[in-house]
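Could you have a look at this structure, given as structure tokens, before my questions?
The first chain written gets the first letter, and so on, giving A, B, C, D and E; residue counts start at 1 in each chain.
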Amino acid sequence: GSSGDNTTSTEGKDALQQIKESGVLTVGTEGTYRPFSYNEGSELTGYDVEVIKAVGEKMGVEVKFQQTQWDAIFAGLDAGRFDVIANQVAVNPEREAKYLFSEPYTVSTGVIVTKSDNTDITSFESLKGKKTAQSLTSNYYETAKAAGATVEPVEGWAQAVTLLKQGRVDATVNDKLTFLDAQKTHPDDSIKIAAEATEKTDSAVAMRKDETALQGAINDALDQLRADGELAKISEKYFGEDVSK
Amino acid sequence: MSPSNPAASLLAVAGLHKSFGANQVLKGIDFTVHAGEVVALIGPSGSGKTTALRCLNGLEIPDAGTVAFAGGPEVSFSAGFKPKKAQILRQRSAMVFQGHHLFPHLSVLQNVTVGPLEVQKRPRAEVMEQATALLARVGLADKAQAYPNSLSGGQQQRVGIVRALMLKPDLLLFDEPTSALDPELVGEVLVVIKELAQEGWSMVLVTHELAFARDVADTVVFMDGGVVVETGPASQVLAAPQNPRTQAFVQRLLHPF
Amino acid sequence: MDSNWQLFLDSLWPLAQAAITASIPLAVISFAIGLAVALLMALMRISGSRVLSSIARVYISIIRGTPLLVQLFVIFYGMPSLGLTIDPWPSAIIVFSLNTGGYCAEILRAAILSVPAGQWEAGYTVGMSRTRTLYRIILPQAARVAVPPLSNSFISLVKDTSLASIILVGEMFRKAQEITAVTFEFMLLYCTAAGIYWVICLLLSALQNSLEGRLEKYVAK
Amino acid sequence: MDSNWQLFLDSLWPLAQAAITASIPLAVISFAIGLAVALLMALMRISGSRVLSSIARVYISIIRGTPLLVQLFVIFYGMPSLGLTIDPWPSAIIVFSLNTGGYCAEILRAAILSVPAGQWEAGYTVGMSRTRTLYRIILPQAARVAVPPLSNSFISLVKDTSLASIILVGEMFRKAQEITAVTFEFMLLYCTAAGIYWVICLLLSALQNSLEGRLEKYVAK
Amino acid sequence: MSPSNPAASLLAVAGLHKSFGANQVLKGIDFTVHAGEVVALIGPSGSGKTTALRCLNGLEIPDAGTVAFAGGPEVSFSAGFKPKKAQILRQRSAMVFQGHHLFPHLSVLQNVTVGPLEVQKRPRAEVMEQATALLARVGLADKAQAYPNSLSGGQQQRVGIVRALMLKPDLLLFDEPTSALDPELVGEVLVVIKELAQEGWSMVLVTHELAFARDVADTVVFMDGGVVVETGPASQVLAAPQNPRTQAFVQRLLHPF
């Protein structure tokens, strides 16, 4: 859980100044999105969590998390409940129009996951007319729609896979990293990757549109982490490879 | 329905027993109603008058005893008796309640015709004719379309009587038909009952109105503690009761303070 | 502000459409079936039979004791593991009906018991059976007492249909979420949805008032 | 199956802990405050003053007419744009209290009106003021009628606290989601949570029964 | 509280007017109660008896008129009168209701002491002593700890009388104190009222029990249609009424059928 006694005021000074003064960077994250942001026992952890913690360290501030649902995450950012979002927020034009993003710290590909015995889905083109389960959280909701699939919106990976295995949908387009992590912890040979997207998806730290100073500071920190190999180390820990570029 | 040979027995009640839990309310009740006879059931509060009356109509199921109408039905009660089987008693008798219990969501006309039309399934024209006649008879011809809530207590009770009459029963059962009424309205209901008695209807009447009982009833049955203590012609039981319990009761009601 | 206004106008129709084609029919159908279930349960509760009454009690306690969300999950995601796969709409109708049945059973029971016992007896005395008395005499009178709490339940049900999105029924709230997933204007969209709910609720309240008024004369005085 | 059993046991305590430290206190505090609000609204409704009565009506209609989720959103995420930033717990308590106030106002109003007018007059006749009669004579009697529907509302409230996670209050359902995110066994977890709710609900029902029994003698016959 | 010079005027009621909407219920009511006097208010249903009685206690606010106790308070009513200001009338009089209206959640003892203790704030010991004595006086010494629901109607009404007496009023107001009672229980309440009258309590008594009124009341006030039609000594008004309306009313109650 989160204590949530920290809120940032939007009046007057910009966010960076305030963060510097208070010594605290407040981060919004789901806390239920494995392996990026999740709770191990009572400990919040995950790739995004560790990355943003490292960013905070470079900035010389303490990092504080506010765990919330995806539905409320942008509302929380807008309302100043936290300074940034670190939750695998994929960068796309609609989002860029409204928010500011750091440089990406995850580069991943979307994959189509189907049942192992499925043979007629082999590419994104073959999704046309098929039923897929997509989390509204992710960019792949639009990807699947664009491919001509009928999309059933779901809450997350667990629900999507359940629907897939119950035969209620034909596929789910999801992050490759999520699939790999799930297979690592719960090996399941009834599902497989049927196809991989060619283009990459960038995920980055999101912040309010006018916080260019903060954007600069975070980018600096990410650059330093990249340079000293810290970012790659965190990535190796979670995925066994460097997904940060 | 109409008066016949007054000597013929219409209803014989014998050995009625009834307990509510450990409370033995009826301990063997016997009495007879002849065709055209008015029987007044009197007695102290809690003596079992209401319970006895309800047994006659199958609203209460006695533990033992028989209720036998001349020409049937004849019902013998015993342990394990199926309450549904007592329903047939309602073919011969009809109850007028203390609190009238009219159906508030039905008009006066619907109240009195719902039984004949929907249960007895008698022809509509005949039922309507009978209803109009009976309502006029009790002075409510103009209230046929009214709803019960808009009537005074006395009017409601008169509708209750018509509702019972509409079923063409052979025996009318009244449970203190005026005790829930405003003192001034008592008269109008008693007058109707008195007229019915004079026309020769058979009835069993539970009442606290001793003056009325003396005037209208042929026979008085005095109950106390679940048994019939004294039975006899109304004039005799009320004017010169034999049993000390009857004497005390009559005294108390006639001179309350 | 201006673009917010535009978004509000743009989303109003899709949301209203979702309400009309999904939320409202779902609520209406489930409520109708649920009332039948509730009546059955209420009658079982007052039947005097210990077995029937206990069954109804347990049913009501499970329905009221567990979150609707879990009930939806169990029917939709749990049943297939028992070999029974039910489609989203039937699942939603089953769950909402059973839920309504549990909540409204107590309302109907109280309403039926509020009709004076004399009304049952008066029904018997004009020759009616138990069942006929129930339908012809008791229920019309019970209605007056039951309408306000039932309308409470119906209003809640309309809003609860938003949970159906969890089992893939595309109702209004889901629509709002889909739009926000692109635009991020959660507050605005949710408030628009709330406004639509409110309008529905006001209509229902008006309906309730007129029903109550019409049933007024049905009450024994 | 075995590992499911293990997971069930492992998650039982964290969930119960979340219920004890968050869901239950949140529900209890909000219900207590909400009852006070409800009483105020009920009294306004029956005050005879048109202004007060209309205010109460609008309040009740807004509360019942809009989803709780939206009410949470507006207070927590909407207020800051008006310069008022409220912390999660206070926000949750405000919203749940106001919500309870709206729903229970009608219950209390009906209960107060169910006490025969003669009881007010009897209070006046022994010299009591309106307020004293209300507290000393009317409310104790109204309680008997109000307890069953209030207990309904309270049970609903306990379950509705699960929505508080949207405004950063880490209650039981949130805990279940956190565990699910790791284990993917969402059915099992949600059913465990439902089981805990059910136990709470059974306790509340028992409490309700005993309260009803104790209040039985308070009812005029 | 206790009887004094019977000639002294205790209460003067003058020109009471009261309408409910368009329904003019009281059209100028005047009467006087002397110390120690028993005034019986009789009249047909709807004539305004209850309304008039309630005005004396501030439970109903007349549109015009005065209610004046000797030694105060004296209240003059007019349009815009603040209902709260009528409360002072309750310092001198106490009401016994038709339906008793005991507090069901309080024991008998609490019912009769809640006023003296919590409102009048009199010393506890004195109040308890008075309560014990009065309960014993009406034959309910052993019921002090009982709850109203466990009492019979007659017992409840007697508690209601004690509750009124406990307030030490100068005037007792009774609104048909026996009309909601089982006929057999009427006597026990009338006996208590009769004894209070004999002890010299002043009272205004609305009743339909003409025989009782004749026995107990000093003065009878006959109301009809919102006005006082006839006033006079009980024996005269009830035995030989002057006004034709009084005659018809008395006739109807004494010979209902």
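The criterion applied here is as follows: a residue touches a chain if its C-beta (ideal position, glycine included) is under 8 Å from a C-beta of that chain, and two chains touch if they have at least 3 such contacts.
What you are looking at is a predicted structure, and each value in this text was computed from that prediction instead of being measured.
By that same contact rule, can you tell me which chains touch subunit A and subunit B alike?
C
By the contact definition above, name the pair with the higher C-beta contact count: A-D or D-E.
A-D
Please work out the Cα centroid separation of subunit B and subunit D, and write it as a whole number of Å.
Inter-chain centre distance comes to 52 Å.
Can you compute the centre-to-centre distance for subunit A and subunit E, using the mean CA position of each chain? Integer Å is fine.
Result: the chain centres lie 81 Å from each other.
Just give me the whole-number Å value for how far the CA centre of subunit C lies from that of subunit D.
Result: the chain centres lie 19 Å from each other.
Which residues belonging to subunit C are in contact with no fewer than two other chains?
Residues 77, 186-187 of subunit C each touch two or more of the other chains.
Can you tell me which residues of subunit E touch two or more of the remaining chains?
As it turns out, subunit E has no residue touching two or more other chains.
At least two other chains touched by the same residue of subunit A: list those residues.
Residue numbers touching two or more other chains: 71-72, 75, 78, 159, 162.
Go ahead and list every pair of chains that touch.
A-C, A-D, B-C, B-E, C-D, D-E
Per the contact definition, I'd like the list of subunit D residues that touch subunit C in the complex.
61-62, 64-70, 73-74, 77-78, 103, 106, 110, 148-149, 152, 155, 159, 162, 173, 186-187, 190-191, 193-195, 197-198, 200-202, 205
Quick check: in the complex, which residue numbers of subunit A touch subunit C?
Residues 71-72, 74-75, 78, 94-95, 98-99, 136-137, 141-142, 152-155, 159, 162-163, 166-168 of subunit A touch subunit C in their complex.
Given the complex with subunit D, which residues does subunit E contribute to the contact?
So the residues of subunit E in touch with subunit D come to 57-59, 87, 90-91, 94-95, 97, 99, 101-105, 114-115, 118-120, 147-149, 163-164, 167.
Under the touch definition given earlier, write down the residues of subunit E that touch subunit B in their complex.
Where subunit E meets subunit B, its residues are 44-45, 179, 182-187, 190-191, 194, 208, 212, 215, 252-253, 256-257.
For the complex, give me every residue of subunit C touching subunit A.
77, 80, 85, 165-166, 168, 174, 177-178, 180-184, 186-187
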